[in-house]
Each structure stands twice: as C-alpha cells, then as structure tokens.
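To keep things simple, chains are lettered A, B, C and D as they appear, and every chain counts its residues starting from 1.
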Amino acid sequence: MFQVPSLSDLNVAAALPAVVLALGACVFLVVDLFVPRERKHITAWLTAGGLSVSLVLALLSLTDVVTFGDGEEAFFGMYIADQFTDMVNVIVLVTSLLGVMVAYNYLDRTNMQRGEYYYLLLFTTAGVMFMGAAGDLVVVFVALELLSIPLYILTGFRRPQEQSEESAMKYFLLGAFSSAFLVYGLALVYGATGTSNLREIWQAVDSMVAGDTSAQFLLLTGAGLSLVGLGFKVAAVPFHMWTPDVYQGAPTSVVAYMSVAAKVGGFAALLRVLVAGMPNFMLDNGTSAAWMDVTWLLAAATMIVGNFIAIVQSDLKRLLAYSSIAHAGYILIGVAAAGVPRVADEATQAVLIYLMAYAFTNVGAFSVIIAVERDDASNTGLSSMRGLARTQPLLAAAMAVFMLSLTGIPLTAGFVGKWFVFKAAIAADLIPVAVIGVLTSVLSAYYYLRIVWMMYFEDGDGEAATPRPLAWAIGISAIGTLVFGFLPYLLSDMAREITLAFGG
Amino acid sequence: MEASEVSIELYVLLSAILFIMGTMGVLLRRNAILIFMSVELMLNAANLALAAFARQWGNGDGHVMVFFVMTVAAAEVAVGLALIVAIFRTKKSIDIDDLHLFRG
Amino acid sequence: MELWLFIIIGAVAIIAAAMMLISENAIYSALFLILNFACIAFFFLMLNAAFVAMVQIAVYAGAIMVLFLFVIMLLGAERVLPEAQPRFRWLTPAAIILALVFLAVSTLAIIKGEIDLTRPKLEEPMVRAVHAVDGVPAVDVYLDGEQVARDVAFGEASSFESWATGRYDAQIFPAGADPEADDPLAEYPVNLVPGVTLSLAAIGNAQEPELVAVTEDLSQVDDKDALRVVAINALHGRTAIDVVDDTDSGSRRALVENVPYGKASDVIEIEEDTYDIGVYPAGSSRTRLMGIEDEDLEAGTAVLWIFTEQRQDDNSYTSTIVNLETDARPPFGSPAHVGQLLFSRYVLPFELVSLLLLVAMIGAIVLTHERLAPRRRFERRLANVPAGLEQSLPGETGD
Amino acid sequence: MENFFDLVPLVVFVPLVGLLINLFTGKHLGERGVGIVAVGASGIAFLISLLLWLAQVDTGYKPVVVDLPLFSDWISIPAAGVEIPWQFRVDTLSVTMMMAVTFVGTVIHLYAVGYMHGDERFPRFFVYMNLFLVFMLILVTGNNFLMMFVGWEGVGLCSYLLIGFWFDKPGGVGWKNSDAARKAFIVNRVGDFGLVLGVLITFWTFGTLDFYKPDELPMAAHHAAEAAEEPVFAPEIPHEAEPHIEGPMGVFNQAEVWLEEGGHDVNFGMFSLSFESTITVITLLFLLGATGKSAQIPLFVWLPDAMAGPTPVSALIHAATMVTAGVYMMVRSNVFYHASDAASFVVALIGATTAIVAGFIAVGQWDIKRVLAYSTISQLGFMVAAVGVGAYAAAMFHLVTHAFFKALLFLGSGSVIHGMEHGHHHVAHGGHDHDDEFDPQDMRYMGGLRHKMPRTYWTYLFGTLALAGIIPFAGFWSKDEILLDALKAGVDDARLEGYLAFVLLVMAAAFTAFYMWRQMALVFYGKPRHAAAEHAEESSNLMVYPLIVLAFFSLVIGVINVPSGFPILGAIFGEHEFTSWLEHAVTYAHAASFNVLLASFAVVLALVAIYVARAIYNDRALETLGQQDPLELDERTEGLFAVAKAKLYWDDAYFKYLIFPYRRAAYWLAEQLDWRFWHDYVHKTVIQKNFHIATEFLTQPVDKGIIDRGFNSLGRLMQIIAQRIRVIQTGYVRTYAWTVLLGTLLVVFIILFPVIRGMLGL
C-alpha cells in the first residue's frame, strides 16, 4: 500500500528554521484575527518573536552548534540544509527582523497598521528561505512565487494611494511575465535532463557533457530563460525596469525589506540552479560553465546602467532603487565568477558575504529615508537630506556610513563585499568585469557622496523623526555595517565552509 | 506506453508558438486583464511543454510540475484580479498606459 | 490519424490564441482563451497526462477563466478605448520582429535539441528487501555497502527504493551490524538495469541463509480484473514445488509448476478472486505441504509469496507463507500516479503551494477590502472632548 | 584573519584616493570637506594598519607577501631575467612603520586642519600631505628595494614641494623658502645617488631586489636565537623555516647562505670583489643614502633649512616619518649591516658624531624650530648609531618613540608660533608700531607663555621630558636601550665603535636635556619679552587636541618595550614586547636586559643638565635677556656658544669649500660667456623660475581649477549620458515588458552563441 511518508522520512527537523517560520506565520495569522485593530503592535511583536526564534535556530545551525535533523537533505532532496542554506537564512532573517522594526511606527503614522503586513512579511521570508534551500527546480519556482506574491501585495499595501497601487500593478504584471519565462526555462531544463532535482540535473549534465551534445540546446535555452526569470527578481539589467517605479511607489518600509530580501532569494536560487545544478555544463571542453559569459555580460550592463542613471535622480527612493540595481550587478560578478569550477566556492562565499553586507547597509539607508519621510509619503527628495547633520547628527552619521558602505569605502561592510567579489572575479580571470566594477563604483561615489555632502555641507531643515524601534534598526544596521567593515573575518569565517558542489 | 505517431518535438514547437503568442499579448495589449490572460497563455504553453517532456522521459515529474504551475497560476490570478479591481476603483481604468506616475 | 488530430487541434489552439490577442472585446478574448485551454487539455490527454488534463479543464478553463469573466463583467472593462494618438507606434512591429526572432531561436533549440522521440526513457531500477529467514531476528540489507533497508523483521519487506543502474553485491547483515567490519550473513550479485524491480529475499535458515533476487513486475496489468503473482520456494526440505489453485477441489489448476528450492517462479497473471492455495511437491498432488485458505486477491496489485518454514519451540518446523502484497505502480499520468508523487517526493512544494494559496487569499482580501469608516468609538470620544481640544485631535487622514 | 593581509594595498590606495578627491574637487569641498577627506584617508590608513597588526598577532607574526592584483609584474623583462613584482610586505617591521606613520600622520593632519586654516592653498597642502603618505607607505610596505626606492624618491619630492610651500611669501621669505626646498632637494640627490648605486649593485649581485620571496621566512632564526642572551626571546618561528630554502631566494637569505658558505666572488666585469667586500660596498652606499634622507653628517645641512615649510610638515616629514626612512632602510637591511663590521663601524661613528654635533649646535639656536630641527638630527644620530652597534630593535624603538614626542614638540612649537603670530597681529592692529624685525619663531621674543598657553605648555613639557629621557617618559626607555646596547657592544663584543658611540651618545643625551630645558625656559618661563608674547593666545582646539593625544603617547608609549628585569612594569606590560615582536622580521634584533646603574646614570645626567639649564636661564637671566644668551655673556662659554650658534661653521664650510668654488667656476665661465646670461637667465630664470614653474605645473590644475573644470565637464558628460539612458525608463509597462523580451532574446542568443557558431562552422 502507498503510505504517506512520516516526519522522520521527510527529515523535517533539518528544515527547522524555515518550517518554524512558515508554521509561525500560519499561527500568527489566526492569532491576528483576535487582535483588535488598534493593537496590531501585538502582531508585530509576535512576528519579531517568530523571526528571532528562527534566526537563533539558523545561527545555531550556521555555527554548527546544533545540527538539526539527519543529514543535509530533507523532503526527499527537495530541501537542502547545508551551510549555504543557513547563511541565506541568517541574512534574510536579519533583514526581516529589521524590516519589522522599521515598519512598526511607519505603519502607525501612515495609517496602514494591519496585521496582514506582518505575516505577509513572514511568508515572503519563508519564501526566500525555501529558495535558498531549494534542491529541486519545482521548489525554486514555488518558493519564488511565495516570495513574490506577498511582495506584490505589500507593494500595494498603501491603498488607495495611487502611487502604491500603480507600482504594485507594474510589479505584478512584469513579475508574472518574467516568471512565465522562468517556468518555460525550467520546463526546458527538465526536457533536457529528464529531472527537476538539482543533484540529478548535475549528474545528467555530467553525462550529457561527456556524451553527445544534442540536448545542449535545450539546456542552454533553459538556463538562459531561468536566468531571465531570476534576473528579474534581482533587478539585473535589462530586467530591471520595474525597480525604480516600484521602489518609489511602494511603502518605504516594504522597500527597505524587499530591496534586500528579493535579492537574497533571487541570488540564492540563481546560485542553486546555476552553480549547484549545472556548474559542469561546459561547451567544447571549455574551462568555464556555459552560462558564465552571459552572466558577466549582464553584470557589466547592470553595473553601468544602474550607476549611470542613478546620477540624475532627484528622489532618494528612486536613487537607491538604481543603486540597488547597480549592486545587483556587483553580486552578479560573483555569480559569473562561480562559473569557473575552481573558484566556484570562493565566488559563492563572496556572493553571500556581499549580500550580508548589503543587507545591513541597504536596510539602514532605507530606514533613514523612513525617518525623513513625512506621513503623506512626501519629503523623500534628495533635498530632504540638506542640513541633516546639524539637526540630526547621529542620523546623518549613520546615513553617511551607509552611503560610504554603498560606495565601497574601506572599513565599511560594503567594501568587504566588493573586495571578495572582485577577488573572486580576478581569480576567475574576469578582469574586465572587475575593472568595470571598480570604475563604476568610483562613478557611484558621485551620487552617494552627494548625499553626504548635502547632509554636511548644505543648509536645510533636515527634519526627521526617529521613534525607538526605527532608531534601533538604524543603529543595528550602522553597527553591523561598521563591525563587518572593521572585522571582515567575521563574514569570511561565517562563509568559509560554504560550498554548493554536490559531493562526488 | 506505446510510441506515439506525433513526435514530442511537435508538441514542444507548438508550445513555443503559444508561448510567444502570449508574449505578444503582454507586449501589445493595453487592457490589464488581457495582459494577464496572455500571461496565463504563456504559462499554459509552458505546461504543454512540460507534459510533452514528461511523456518523453516517461516519468511523472513533469505532470507534477504542471500541477504546481497551475496552482501557482491560480494564486497569481487571485492576487492579480484583486489588484486590477483595486486599481479600477481608484483610477476607473484598467488601461495600463494610464499607469505612468513614475518615469526616468 | 493521431498526427492529423494533432494538426487540427493545434491549428485550433493557435487560432484561438490569435483571436484572443486581437479581439477588441475582453469577453471574447476570455472565451477564446478557454477554447485554447480546452485544446491544450486535449493535448494533455494525447500525452497520457490524464490527471493534468482533468485539472486543466476543471481548474483552469472552469474556475480561473470564470473568475476572469466575472471580473471583466464586474468592472465593465470589456474594452479599452483606442487612443487617438497611439503612443508606441514602433512597439507593434518591434515586438513582432522580436517574437519572430525568439521563435526562430527556440525552434532551432528544439529541433537541434534532437529530443529522442521513439523510446520513452525507462525508469530507474527499484529494489526492496524481504526477510524470510527463520531464526534471524531482523536484518539490514546493503548494496555495495549502501544501505537499502534496515531492521526488516521476519515476514516483512522494506519499501521499494530507486537505485542507480549497475552491478552490485547485495549483502544481508544482522540488524545493526557494521557492513565494513562484520561478515555478511549472505551475499548475492545483482545487476540492476533500468526498468527492473527487484525484491531481495533472504531465505533459508539461520545457519545458512541465502539471498534470492526476484524480479517483479509492478506495472499495471492490461486486464483490469487481473493481478500478478510470484512465488519463491524456500522450503526447508529443498524439494521443488508446484503451487496449485485449490479453490474448487474439482478442477484443480496448477498456477506454477516445478519451482526448485531457492528460485522464484515466473510472474503469472491471475484473475481477481478469493482463492485457496495449496503447495505440493513438484509433480505430486498427494502431500499438501502447506496452503492458504480464502485468500482475497485484489486486482491492480502484485503479490509475492515465499513458501518457507518456521522452527517452533519444540524444534519442529511449521510451514509458513510470507505473503506480500504491493500496489501495482499506477499508470503513467493517472491521478493515482500524480497523487503518489505529490504526497511523497513533492510534499514540500505541495505544502508551499498551500501556503501560497493562503497568501493569495489574504492578498485578495487586503487589496479589495474597503477601509472601514472611522471607528465609532473614536467618534464618541470626540463628542466628549472639550471644545478647544477638538482641533488638536488627529482625525483619520483620508489618504 | 589571513584575509586581512590582502588589505595592505589599501594602506597606499586610500590616501591616494583621498588626494585624488582633494585634487579634483578640493575647490568645492571647502576647508571642512578637504580636511575631512584628508584626515579620513589618513585615519582609514591607520585603521587598516591596525587590522594588519591584529592579523599579524593572530597569525603568529608570519611575514606575508601580498601581490597587488594586476600590477604583480610591473617591471618584467623576461629576456633579461629582470622581474620585479609590485609586492607588498606585511611583517612586524613594516607594520610597525605603517602604524607609526599613519597614526602620527593622522594626528598631524588633524592638527594641520587647524594650522592651515585660512591659507589660500589649503587643498593643495592636503594633496601634498596625502601624497606624502602614499609615498611613505609605498616605501615601508614594499617587498623590494625598487619599491622602497620609488617611495624614497616620492617622499623626497613631497618634502621638496612642502618645504617650498610658501614660495610666494612676501619680503624675500618666499625666496628663502624655495631656496631651502632646493637645498633639500639637491643635498638629497647626493644621498639618493648612493642609494641608487647600492641598489644597482645589489641587483647585480643577487639578480633580484626582493627582500624575501613569497612564503620565504627570514632564514637566520638560529642566529637570532644564539645572539639572544635569554632563550625567552627566541622567535617562535617554526623549525621547518630553515630547510625551506629552495629555488630563488630573496636578497637577505641569499646573502646569509653565501656568507655561510664563504668564498663567493662577485664579478663586476672589469674586476671582481669578494662577496663580503661587496656587502660592505653596498652597505656604505646605503649609508650614504641614509645620511641624505636621515640628515646625518655630512649631509644634514638641509634639514634645519627645511623648517621653512609649514610646521605640520616639519612635524610629519622632517621629524616623525620621512627622515627616519634611512633608519628603516638600514634596519631592513640588517642582514647586510650585521655582515659588515667595517660598515657598522662607520655607521656607528657617523651616527654618534651626528648626535653630539647636532646636539651641540642646538644649544646655540634662537629659532624655536631650528632647535628642534637640530634635535631631530641628533636623535636620528642616536638611531643610526644604534644600527651601527647592531641594536636594530633599539633603533626601531627609538624611531617609534621619537616619532611621537618629536611630532608633539613640533606641533607644540607650531602652536606657540601660531600664538605669537596671533599676539603680533593683535598688537599690530592695536595701534602699536608695526615691528618689521619681529620673528614669531625667535625665542628671544617669547617668554612667559606658560600662562598664556597653558595647554600647549603642559604638552610641551611632556615632550621635553620625553626627549630629555626622564623616566617614565617614552624617550627614557628607548634612549636607555640604545646606550645599553652601545655599551654592551663595547664590553661584550670588544668593539671600538661601541665604546665610542656610548661616550658620544651619553654626551649628546646631556646636551639634549640642556638645550630642551633652555628652550622651555626661553619660551614658557619668565616674563613676556615682547608685546606679541604678551598678547599670545592658546590655539584652537583642533590644534590642541592632537597635542594632548601625542602627549599621552609620549608618556606611555615606552611601555611597549620595557627592558627585561625592570621591576613592576616588566610584569605588567611584558618584557621586551617590541623586540620580540620585531624579531619576526628583523633577523638580528636582540634585546639587552635592564641595567639600573646605567639607567640611573642617564637619568641623573639628564636631570643635572636640566638643573644646569635652569640655573643659567633662571628668571633673572631671562628678564634681562636681550639679543644675547647668558652663555654668550659669560666669557667661559662665549666661544663655544659662538661656535654652536654658527652651526659649527658647517654651512660656512660647505659654502666655502663646495658651493663657493663651484660658483666661482660657474661665474668665471659665465663671465667668460655672458655675465647677463648667468645672472639674469641662469639664476633668475632657470633656478628661480624653474622652481615656480615646477610647483605651478604640479598644482596649477588645482589652483586654477583646470582639473576642476575637467572634472566638472566630466560630471556634466556623465549627467548627459545618464539623461540619455534614463529615457528608456519611460514609465510604461509595455515598454518594460518589451525590454524584458529583448533582454531574454539577448540572453538566449548569447548563451547559445558558442553552439550556433560551432554549428555554422564559424
């Protein structure tokens, strides 16, 4: 008789942090029904609690203090509980926790304090976590949707404000469009290899490369289309067009979260599919994976376009949107570098280090925007930064740190991330891209430092409000940015064990 | 499972044609609902390819993937239509060319 | 015939899609899309994807498209008025060119992909372990040092595991033994080829256990009332046996004949019914060695009988039948097939999808839920506020 | 923490970026912005040095060679076997230098923001300062002599630019300034010539210029272990370090091997020298370089004149960092110096003589900065002498402590000068007669500033005590170490230079205490002797806080190397921490144990000298002080003082025997040719104008805004490009979808391209 597998067959314990979070979201959803409208901060606290529990579990697992479950594979190889997963979990949970903190007062004062906000955030987070742990294309796809759909909703959360709704609509239509490409890509990969399991794909690719080359067309096209679908999520040029509009229109607390979380998810899945699934996919006995060239071309385009258009922006949120596009480019360098098998591990670690650094910095930067934003979503122009150093010295200092970190000035986390990524790129002989990266980050100083300049050298009102949770979030982000900048080995040690390669 | 008269290639080709027609719909129509329906067409095309490949490889994974794609599509439809309704209430229009508050 | 069908339905699907694209009226578009979906459902059927076809009709064409229609009607948004000045003149030709190029590239990919058309790939071999050795409490079974099953008690079988093709040495150990260090109880070389389904049966007695590999056939029987049976002779006396259908003592029918010790019979198909089964020494119908009475054999299963003996407390042997019944593998593409996959391998995405639907529900509520009017409690309090304070109270901002 | 080592190029690049920012945008940033960028760059460099230090501690002090990505073979002529990679060396020695340079540099940068306030060429100054840091750090981080030489020349250039920074000051001062700059440049050329020659011979001899190859450890660990009296100080270098020597070696290990084997000859084409003699030649040539850069006899004449530059420059370049480059270079080459007794002798002699001579001259100076300049020369003499007697660790130790307290003293003097100028300004505007004679640096116009500038006074006092070598100030520890090592070299190894150095240095130490207290008395005690001193005011906080920081370190930095056997402090701070730290990079670093007798002797001597100074420059003497020193009035010391005042006639001798004959010859020739040509053209145009043209050329882009304009138009260009690109962001979903499709097509096409190409047979 067919039997439903038991929990131990599934090895559920290995996926504990993600499972705890997903279950927590469902429980809070029910609890929230009984929380009166004006006391939704209870839900916020619950959410933060759930995230903390999950974060602690993930950290325990990352530091190998506790090993959950039995072996690395759970749910019949659908979920891979390795160090990579742990690190992705930690990054996204930290982001999420910060996201809850920045939302706490923001929702109150913009009159959108609703319980749904928080558990949608939890569902997104769960989506990212499952993406990072995906051992199967199906999980990649479903988790991607679990990441995206709550984000579509959250983007339109500030209803019936027109900007918010419009950006939600754009995000949704383009998101659905690109995920159709992803589905088609996955279908082609399946068609080429006969399986959706990443490990089996890897094996199939091995024999495919060794044997005849006919299925390569399907696999190549499939990989390309998957790259499109995931490239959309991480806002890589030319799939980036939604980003500025959505970031500008969406509630800032959502942007603070999604600018990082969506990237983490997208890159985690990209690494899983490309680096774990088909690192061995080389044409004509080449030395690098077939998808490497296109990836670094995308990276170069992304860095150039993102940084250039950011120069002429006058809205902070829009500027940071282009900045986040540019950063997607830097991270893509790491992904491209992973196409050379001998640097695959190094590059993977570099990507994660970058994401970790980026998480603190970018959430921090958006938190500062939340602080200066008025209740009617105005005052997010660049000019709102004028004179901030005089009226809000601490806030301005934090913003300066974030801007320096985004530029990649040494002793900030941003530099550490760039350093590792460029190092991996050089190791992978991607020197032109590394050079483009360095040049564009010099270029980026132009607009990041303009903000610092405005805060410190120009006169203005510099109004801002930092209620406690927001102040905490900004403080944590700033400290994180600096600590990782000063002690880069904290990051490199965390990432040292990470490998995506399937053994043998 | 006996060999079929129609080759799998043909199915995949058909699915590619339908997929591209869906793409065209997204590019060319201005009605948000129609764009959305075009996306559904694209997903269906992908499903057809999946089913064809499942047949080709003789395993059920493809069918399961089709199932998931359909379910996800259903979820997307729920959210998407809700969004369309919401935006219609504010703007009284579902012409996506009317959505251009942001640019540049 | 099939090809013609494909061409006709395919043409209909393409035309329906095209009509959907060019219809001015959104309702027509939706209806054409339904037609297209129906065509695709038909293709699913042609591709042996019965379940998916069913869902396609019920969920997609039925539920989802109805929802579309409903929203279109609700909003009265059948048509978007054409612009006086088309904004993107260049878009139409540019998009068509792009699409054609894309089509060309993907056609190339598909054709050059040389999808192997004639030979559906065979599934991976499967193995399971069966314990029929008297006197050994429980066993672990390994293939070349990799564990197939653990702690299989007497008379039980492990579940089937997929295994990579290749030649292996199957070994059984007492439960908990270390395959590196300890000596196996018995060994048997097996060759796993694609499509094969093997049961590794441990037979014999505690002193000299043996391993036997039995090829089973779990695929669906063509006759829907039939099932498949295999028998293994593991009788202590080591005589060859016949297995006889004793149901009607008048017309006894030998099911399998002359199975030597330690061997399995061929796979036979029998009708679904209630049987009495007797085991006799080969060629003889006098001494009934053992038997099972009133055995219900269900269609769509695969049955494995191992005829063995068990030592009693008083050192005598009793004949025993290890009777294992497995569901035949559901036919490709059937609801059962997909269902089994969903609840085993794909249980995680399945759960995720359920979360996703939950999220979609919440989303629909959040996005369409009208804001409540300012709460009454608040208003009541307003009424009690001293006049001067009234302005300073924050009203509900009508954003 | 190994990853940290990869950060070392940043130590150089961060100041470089800082200077580029100031170069390009200095005009717009304003003083505040320029200051933040410059101080920030230097501060970040310091923090990175700190990280490198942490990493060194964490990885067990293993020397590491870091390749500069992309630049790793900057000079590579494979055919000729020339391959000089641009590699950075992180070992305890270079990290020590990095930390000292960047920390003192940061503090001085900060001070300079206050000091240079209101200067019309404020950004240019900080461009130079950061440029100096860049070259100084290249000098100390290089893993080969060529990089060291690049840094060496670079700091020379910066020194030249900064000494003449105020080349356009009115009243002939500017002329003097550019003259001083030229003097420094020319005198240094002589030294550099020696260094270049030494480096060339090194390359000829060894075929490489690398100190050590990557993964190569300083070899003679066992030498060090033998040399150390107590095995406690044996470096913890693992034993496999020794047989590690395979393949090409760096110059130092190669030298060790050849010295061990003996009998090697170096063929110079026409003649050949034994390897040992070659080493002596090399070391002597290096010494010539060091006498130039580190202002030793006979080339020290440029340093006092270099005080024409702004005071922060004097503090950073001409006291704390650049002038110690010669010492660093010799300590880096300790393997060579250890091998050559002859060179060591010369080194010790030159160092000790310089110490006493400069100390003597310092007594007779009236200019507050000149006193300090001669004091610097004298202290550098201590360090060089320490190298000569083989006390490499002690030399480095004194280098570090000296960097702190001499920087402090210079900055303090700057603060005094600032205060005096302020007072003078006040007086001049207060209706008093403008006093053309007045010189804010002349100590005769000062006096009684203790009450006017209390914070400067206290910090200056700290610096004085540290320099005088009073326990527990930093100078005590390092000076004591040098004296002890000199004596030990004399007694234990029976080396003549040990005794000589000891005697001369002790005398020099007494002079030090004397002239420093003379200075204290003249500047801070007594009553104001000029209206300017009366109206002097304490400097701004931006200037005073760095003083306090440096004063703190002048007090405590000595504890990094408490001698063994020293009560209490040894137990608290560990004994010879600094020496054992250096031992991982400096093969022949060793430490001597504490000698109560010697230490007390030195301290008592210093105290006596201070007492004598106090007695001579008591309040009464100060009150009646005119244009003459009490020593000048006393007939017993009159002659000596005159000699000191005349700088031992050293400059005169130079003038008389070197420059004058040269000029005579030139004049003669010129007169023969064309008197006008010489005077008008050569002198005015060639020399004076050249200097102006040179600095104008270097800085015009900044001052005239040429770079700025270029940068602006670049910015505009980028904006125009950006405006063009942003058009694609139409705001319409359909065009977005179109780009997605276009992108998809591109991605698929690119990813398929290799296969398609293969298919089409391209």
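Convention: a contact is a pair of C-beta atoms (placed from the backbone, for glycine too) under 8 Å apart; a residue touches a chain by one contact, two chains touch by 3 or more.
Since this is a predicted model, take the numbers as computed values, not measurements.
Simply put, of A-B and B-C, more C-beta pairs touch at B-C. Taking the mean Cα position of each chain as its centre, C sits at the greatest distance from subunit D.
The distance from the centre of subunit B to the centre of subunit C, each centre being the mean of the chain's C-alpha atoms, comes to 26 Å. In whole angstrom, the spacing between the mean C-alpha positions of subunit B and subunit D is 71. Measuring from the averaged C-alpha position of subunit C to that of subunit D gives a distance of 78 Å.
Counting partner chains per residue, subunit C has residues 87, 91, 95, 99, 102, 105-106, 108-110, 112-113, 115, 121, 345-346, 349, 353, 356, 359-360, 363, 367 touching two or more of them. Multi-chain contact residues of subunit A (touching two or more other chains): 138, 142, 145, 149, 152-153, 156, 159-160, 168-170, 173, 177, 181, 188, 191, 194, 217, 220-221, 244-245, 312.
Counting partner chains per residue, subunit D shows two or more touched chains at residues 726, 729, 731-735, 737-738, 741-742, 744, 748, 752, 755. Chain contacts here are complete: no pair of chains fails to touch. Residues 12, 19, 22-23, 26, 32, 35-36, 39, 42-43, 45-46, 49-50, 52-53, 56-57, 59, 61-62, 64-65, 68-69, 72, 75-76, 79-80, 83-84, 86-87, 89-91, 96, 99, 101-104 of subunit B are the ones touching subunit A in the complex. Subunit D meets subunit A in the complex at residues 1, 3-4, 6-7, 10, 14, 29-30, 32-33, 36, 44, 47-48, 51, 69-70, 715, 718-719, 721-723, 725-726, 728-729, 731, 733, 735-737, 739-740, 742-744, 746-748, 750-752, 754-755, 758. Looking at the complex, you find that subunit A touches subunit C at residues 1-5, 10, 15, 22, 25-26, 29, 37, 74-79, 110-111, 114, 116, 119-120, 123, 126, 130, 136, 138-139, 142-143, 145-146, 149-150, 152-153, 156-161, 168, 188, 191-192, 194, 214-215, 217-218, 220-221, 375-376. If you check the complex, the residues on subunit C that touch subunit D are 87-88, 91, 94-95, 98-99, 101-102, 105-106, 108-109, 112. Those residues of subunit C that touch subunit B in the shared complex are 1-3, 6, 10, 13-14, 17-18, 20-21, 26, 29-30, 33, 36-37, 40, 43-44, 46-49, 51-52, 55-56, 59-60, 63-64, 67-68, 71-72, 74-75, 77, 79-81, 83, 87, 91-92, 95-96, 99, 102-103, 106-107, 110-111, 113, 115-123, 332-333, 337-338, 341-342, 345-346, 349, 353, 356-357, 359-361, 363-364, 367-368.
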